[in-house]
Amino acid sequence: MRVFTEERDWGKFHDPKSLILALVGEVGELAELFQWLPADDAVTRVRNEPLRGRVGEELADVLIYMVRLADVLEIDLADAALRKLQGSTTRFPADEVRGQAPEKA
Amino acid sequence: MRVFTEERDWGKFHDPKSLILALVGEVGELAELFQWLPADDAVTRVRNEPLRGRVGEELADVLIYMVRLADVLEIDLADAALRKLQGSTTRFPADEVRGQAPEKA
Amino acid sequence: MRVFTEERDWGKFHDPKSLILALVGEVGELAELFQWLPADDAVTRVRNEPLRGRVGEELADVLIYMVRLADVLEIDLADAALRKLQGSTTRFPADEVRGQAPEKA
Amino acid sequence: MRVFTEERDWGKFHDPKSLILALVGEVGELAELFQWLPADDAVTRVRNEPLRGRVGEELADVLIYMVRLADVLEIDLADAALRKLQGSTTRFPADEVRGQAPEKA
């Protein structure tokens, strides 16, 4: 993504606020694909094309802007995610929270 | 994330629409950290704590829900992103688009 | 909202991109209140406090930033909504689309 | 919006989680219109067509789903917004916060 951006001289557009708006745009496209699907049938419906391919594309777009944003901010995304998940493992002991809707932390 | 979810029996909450809403919640928290920062000073401000750590945490949360959503949908996120980026490389030839704001595709 | 902003000299923060990020933040808080609720029980659960009050507050926050954004852009929000709804009435004839999930337009 | 929905028998799609996803979709479209605009030139650019009309349409779509969501939840949106704004007036005394970026409340 960094090479792609530099080859097009698009770095000047990629300040963090603009990238977050782009990310929001892609999350919005992802949401639109699911908005009217029955909640309990969504996984099944996404097994079939053309929906499957479209969902993959929107997930890809979200990830691409995430990675670009992390790059611009010089944040190691994988490291941040691993540490966050370790923190959640401690904060939500399995024995205490099993089966209950997680409180928004 | 899959193990974390299974240990807590939270899989029943992780239908795609619910996960997208959770993703939206985390994107919202990310947006809040940047909303009033000057656009041209955001990168610099995020170099310092405590903002840097908080941004890392919110990016992590977004990624974690992305990965979980892809897992539930059995979509290979890295593969989807690589293919999308290859498609964009073709669709936006560097010689034609250099330096111009990309049209929303 | 305009008076509130001027009294605090906050107008300088209210460029459109910043306001949209603020709007995204509030939509995220709204999403978090619903993310783990069963889809078919959400209306009932929101009948009771404290959830009812919190949902009202988040809806209010979204509306407030919407109104402020429209004000900054000098767009008549009510007029725009009425015209959009009239357009949708024409574009989706009731006899043709009755009972079918609306295609994303 | 209520009449529009009933005439099409679309009420069955309008559970709160689905409506929030639809709202997210429209917020995403709004974000896309602004993502690559220079922050300090966005107001000026939106003065001209065709951008002005498109922004009006996306703002309208967000408002329409907001109103529909409030209707489904039987929440008085205008009342909620007025009360929230009154609360903010108290919580952020003008003399204390003038000219400073508001802390996320």
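Think of it as A, B, C and D in the order they're written, each chain with its own count starting at 1.
Just so we're on the same page, a contact is a pair of C-beta atoms (placed from the backbone, for glycine too) under 8 Å apart; a residue touches a chain by one contact, two chains touch by 3 or more.
The structure presented is a predicted model; accordingly, all values stated were derived computationally and were not measured.
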(request) Among B-C, A-C or C-D, find the interface that matches A-B: by residue number, over half of the contact pairs should be common to both. (result) C-D
(message) B-D versus C-D: which interface comes out with more C-beta contact pairs?
(response) C-D
(request) Mind checking the centre-to-centre distance between chain B and chain D? Centres are C-alpha means, answer in whole Å. (result) 22
(request) Between chain C and chain D, tell me the centre distance in angstrom, where each centre is the average of that chain's C-alpha atoms. (result) 3
(message) If I count partner chains per residue in chain C, which residues reach a count of at least 2?
(response) 13, 17-18, 20-21, 24-25, 27, 31-32, 34-37, 39-40, 101-102, 104
(request) Show which residues of chain C lie in contact with chain D when the two form their complex. (result) 1, 4, 7-10, 12-13, 15-18, 20, 23-25, 27, 30-31, 34-35, 37, 39-40, 42-43, 46-47, 52, 55-57, 59-64, 66-67, 69-70, 72-75, 77, 80-81, 83-85, 88-89, 92, 94, 97-99, 101-102, 104
(request) Report the residues of chain C in contact with chain A in the complex, numbered from low to high. (result) 17-18, 20-21, 24, 32, 35-37, 39-40, 101-102, 104
(request) Going by the contact rule at the top, pick out the chain B residues touching chain C in the complex. (result) 13, 17-18, 21-22, 24-29, 31-32, 34-36, 39
